[in-house]
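In structure tokens below, several structures.
Each of the two complexes below includes subunit A, the first together with subunit B, the second together with subunit C.
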Partner chain A sequence: MKHMGNTPLVYLLIITGCVLAISCISVLLWFLGDASWQFWQAFGLSPLWADEWYPYESLYGLLPAIIGSFWVMIIAMMIAVPCGLSAAIVSSEILPLSWQSWIRMGMEILAGIPSVVYGLIGLWVLLPWLQNIFDLLTGHSLLAAGMILSLMILPTMMVMAQDALRLIPLEQRETAMSLGLNWNQRLCRILLPQAWPGIRSGILLGLGRALGETMAVMLVVGSLDRVPQPIYNILEPAQTLTSRIGREMGEAAFGSMHFSALMACGLVLAATAIFLSLLSQQHRGRLNV
Partner chain B sequence: MKMMLILLALPAFILPFSCLIYIIVQAWPALSWALILPTDVTIPPLGDAFSGVASSGLWNQIGGSLLMMFLACLLATPIALSIALFHSLWATVYQKRILLSLLQVLQGIPPIVYGLCGLILLVHYLNWGISLAAGGVILAVVILPLLSMNAIHALERIPIEHTESAKALGLSHGAVIGRVWLPAAWPGMLTGLLLAMARSLSETAPILFTATVFSGITWPDSIFSPVTSLQTHIFYLAQEGSNAQSVHIAWASAVVLLGLILCFSLSAHFLRRYEGSV
Partner chain C sequence: MLYLLIKKLLLGDDSLMKKMILAGLTLCLISPADAAERISIVGSTTVLPVISQAAEVYHQTHPDVTITVSGGGSGVGVASVIQKTAQLGMVSRHTTVEEQAKLNGQVDDIVIATDAVAVAVSKAVYESGIHQLSLEQIADIYRGKVRNWKDLGGIDKRILVIDKEASRGTRHVFAKAVLGNTYARAEGASIISGSNNEEQMIIARNDNAIGMLSNAWLNDKVRGIDIVMHGKAIAPTIEHIRDGSYPISRGLHVLLAHAASKETKTFVQYLLSEQGQAIVRRVGYLPVR
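Moving on to the complex of A and B:
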């Protein structure tokens, strides 16, 4: 057995790899904090609720972008959750088994389309359409960004929900049937409550994805740094955290306050994403017990 | 109730294929072999750079995207493998839980944040400039969680009896890895690698400021020179927007990129099925 038998060498490789991974990631994240430190030091936490962003007059309010990100996430979830959930139910409970592979393939295509191509679709299909329907100046709006995002998180939602439904043991369904429950009762009383943990972590993962998506949002959201007037007006152009970073990173000089403020946007983004991901895990942990 | 659910679910079944068809229809006028195959590049006259770029082929962009993908996979695969081996050789139950939750957190962090970190550290502090190397490293970090989770799951699916009987035969750890685990786990790992390749091709935001330029580059001279990539090419063309020719080129680039990505992700799909049938 001379094949790959040199065990100390294998150990060395493993240790090097792990150390490399840990140092690489911690260094990257530490630099994010370091670069935004200048900004937090100068302004404290007040930019989080200040609503004016004019980098050239040293006004750095993060509120418009935070509200924009919030609305985009909500709109995306409002479309993607019902649609993805019912698609999962239909494909795993109603349609014959032989269709499933095709539906999975469709979802994989949808998940495979890169975000910038979604942006292109949004720019050429969605914006003129919204412009006509709502009689807007241009179609650039929070609604357009939310709709494109809902298309992007649909596969995540659907695959997670489908897996959760498939994991329910056959005995449960058979018992429910032998009790004489009809289809609706079985769905609402047996299947959905049991699949709920999986569906919930699908929702949280989708939220995280919607929060962090950049290119598609950047192309359709309009990049206007203003809190929507009134605050629930989703037909106005607006700005999200990601699109602001994407738009302005090119023009901010390295080391300036503007650069540091954009890093602070990145830090807020990363903190929210970590929070969402921990929330979804905490629940999945309970599922395993 | 059933009818309502089917009605709600209909978009999910129709949209993937209609998106695909729409993209191809839009790109049809600009699609030709001349677009993809290498052409002798003529340097466009100054001030006319945009139409020059729009009319030349996509060969360099395809090359740049693939180069960055290969670099990312080359960097990330050994690290992901060693994380997976650490997970299955030494880690205690507690450490395993920490490791998995850490990987999930890393996967949840938006790619543009990694792009920002890379911009500070690689482009400015290490002074690599806007370069292929910076893009490759950042993409490697982006795909690392995906790759290592897939490798971990592939190793976990090996029945414990195999490992135990191999150890009972007196094989060293190295031999267990090489002769027992690797033959059993390679389809799962390859699936992970293919998915990671597709992912690194579709990421745009993290390389926008760190690795790519719009024009003027045919082929990078070294790994420290900027490249052009298909993803960012689409973005720049989409932003210009007015010129009909450039719009068609943007859709054509989208088709080429989508074709590359679907090559990888659909072969992962079929590999997973093959693995299930074995």
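Moving on to the complex of A and C:
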């Protein structure tokens, strides 16, 4: 690749790409900020911890949806990260090569299924199941949303982790083996630390999707604007920021306070995603030192 | 690659390539001038079955007119007419004062049918003996004062109270008739649903649900109960809509902009014609003529 580095075309492409990416992000943030400005101006930051959302009474409390989004994300990651990681380890380290490609194909198919299909699967299969197991009034719950999401981010997690593991050079494995390290030591001391940047990207991409997914969550979360009682109760219907935007964006007239409030929900989501991403960047910096 | 192509094109060192690219560009620029007239219709999922069936029949006699129909709710229907993203809005309630101000007298509000908003319960609830309720009892359920079917003479099961998104026409009409105010809060709500389909599915899938549904969506698993008025039980039937005795009935409207195309206006006339009204009857609503 190095001999291409000097041609102006490559430079041009790289610079164009960077400028495009940066401007896309800034235009998006500017748009969200601009569209929600009316809302922040009128209410300040207090809606972030107010818990009543009744747009027709000019009450715009974001807290129930923020808590909902938080729980859904946590649940999804708690299921998807261990499952994705172990699936990646099993398929790239243990199973023969011919199986690997099948598993990978399965994961890629999973990743390609439209989110509304996941939502409907949740509606038909997961909700009645949860309802029976926990004897709930309805299966619509944060737990259901988190479980559906975990299924949706599992392929991303697994494929990224698998790629990272496969990129570790053979010499390192051979050296580790010749040193007499057992499988556990090889995995925890050599493979996982080396693959961590890739795994981390997988986690971040998954987090982003978990935060931003609308359709599937909307169908199973119940869309009820109420802070869970008690706050860790994940078996009751609740609301997430995305499902609120999805449900109410169509009716909110462009330029109205309601519209601005929904844009504020979007801004909170975007800010959270950027914050998480920055946090992990810092973390990586510390690891490299 | 692209850079090279453009360079080749500009320098003209390959006339065949140049011709091909120019031909391609020209093809892209030609728009289908004689394209069929498109009418997009958006809004209430209560009005939707009438319009989509009418559109199908209409397309057979007017093959040059393509009609796309999509839901979203009455609020979305009004918003798309205001924002001019749809030619025709479907609305299952009266437009609000704010909406009228935005519509600015530039639309005709045409009633094409009348229906009843039925109080729908799961089959199991109906069969346990809940055949009729008074408006006060229904209000108690939605306000969270009554939480078990046992208290109303039914099975010993908690009530799954289904509320609707605040912009939905059915919600407006129901809340006005039962709770006294179009945007009244329903503290007893267990979950929030959107379209008639979604609500119908939740009621059918559960054995303890109550919801609000247009009478055309009732079936074996989703039963409409009678409403007790002055000591008399009144079922949500066409006869009771016609004689005005059923308390929660409403007109189903389409919003037609004055500036709409000739084809759109002809289609609305078709809806009001004998054939159009026959479709209204077939769907299960009361025709207007």
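The criterion applied here is as follows: the second predicted complex is superposed on the first by the 242 of 289 C-alpha atoms of A that agree within 3 Å, B and C clash if a C-alpha of one lies under 4 Å from a C-alpha of the other, contacts with A are read in each partner's own complex, and residues count from 1 in each chain.
We take it that a contact is a pair of C-beta atoms (placed from the backbone, for glycine too) under 8 Å apart; a residue touches a chain by one contact, two chains touch by 3 or more.
Just so we're clear, the structure is a prediction, and the values are computed from it rather than from any experiment.
Asks: Quick check for you: in the superposed arrangement, does A:T242 touch first (subunit B), second (subunit C), both or neither?
Replies: first
Asks: Considering only touches as defined above, state whether A:G84 meets subunit B (first), subunit C (second), both or neither.
Replies: first
Asks: Using the superposition on chain A described above, determine whether A:L48 touches subunit B (first), subunit C (second), both, or neither.
Replies: A:L48: touches no partner chain.
Asks: First (subunit B), second (subunit C), both or neither: which does A:A270 touch?
Replies: Touch partner of A:A270: subunit B, not subunit C.
Asks: Should A:R104 be classified as contacting the first partner (subunit B), the second (subunit C), both, or neither?
Replies: first
Asks: Of the two partner chains, subunit B (first) and subunit C (second), which one does A:P128 touch, if any: first, second, both, or neither?
Replies: It touches subunit C, and subunit B stays clear.
Asks: So, does A:G250 touch the first partner subunit B, the second partner subunit C, both, or neither?
Replies: Both: A:G250 reaches subunit B and subunit C.
Asks: After superposition on the shared chain, which partner residues are touched by A:M215: those of subunit B (first), subunit C (second), both, or neither?
Replies: In the superposed model, A:M215 contacts subunit B only, not subunit C.
Asks: Just checking: does A:L9 make contact with subunit B only, subunit C only, both, or neither of them? Give me first, second, both or neither.
Replies: both
Asks: Comparing subunit B against subunit C, which has contacts with more of the residues in subunit A?
Replies: Partner with more touched residues of subunit A: B.
Asks: Output the subunit A positions appearing in both contact lists, the one against subunit B and the one against subunit C.
Replies: 9, 123, 219, 250, 254
Asks: What residues of subunit B sit close enough to touch subunit A in their complex?
Replies: Residue list for subunit B touching subunit A: 1-2, 4-6, 8-9, 11-13, 15-17, 19-20, 22-23, 26, 78-79, 81-83, 85-86, 89, 101, 104-114, 116-121, 124-125, 141, 144, 171-175, 177-179, 198, 201-205, 208-209, 231-232, 234-235, 238-239, 241, 247, 250-251, 254, 257-258, 261-262, 265-266, 269, 273.
Asks: State the interface residues of subunit A toward subunit B in the complex, per the touch definition above.
Replies: It is residues 1, 3-7, 9-11, 13-18, 20-21, 24-25, 27-29, 31-32, 34-35, 82-84, 86-87, 89-91, 94, 101, 103-117, 119-121, 123-125, 151, 154, 158, 183-184, 187, 205, 208, 211-215, 219, 242, 245-246, 249-250, 254, 262-263, 266, 269-270, 273-274, 276-278, 280-281 of subunit A that touch subunit B.
Asks: What residues on subunit C touch subunit A, complex-wise?
Replies: Result: residues 3, 72-73, 75-76, 79, 82-83, 102, 158, 160, 165-167, 183, 185, 189-194, 198, 201-202, 205-206, 208 of subunit C touch subunit A.
Asks: Under the touch definition given earlier, write down the residues of subunit A that touch subunit C in their complex.
Replies: 9, 12, 54-57, 123, 127-128, 137-138, 140, 219, 222-225, 237, 247-248, 250-254
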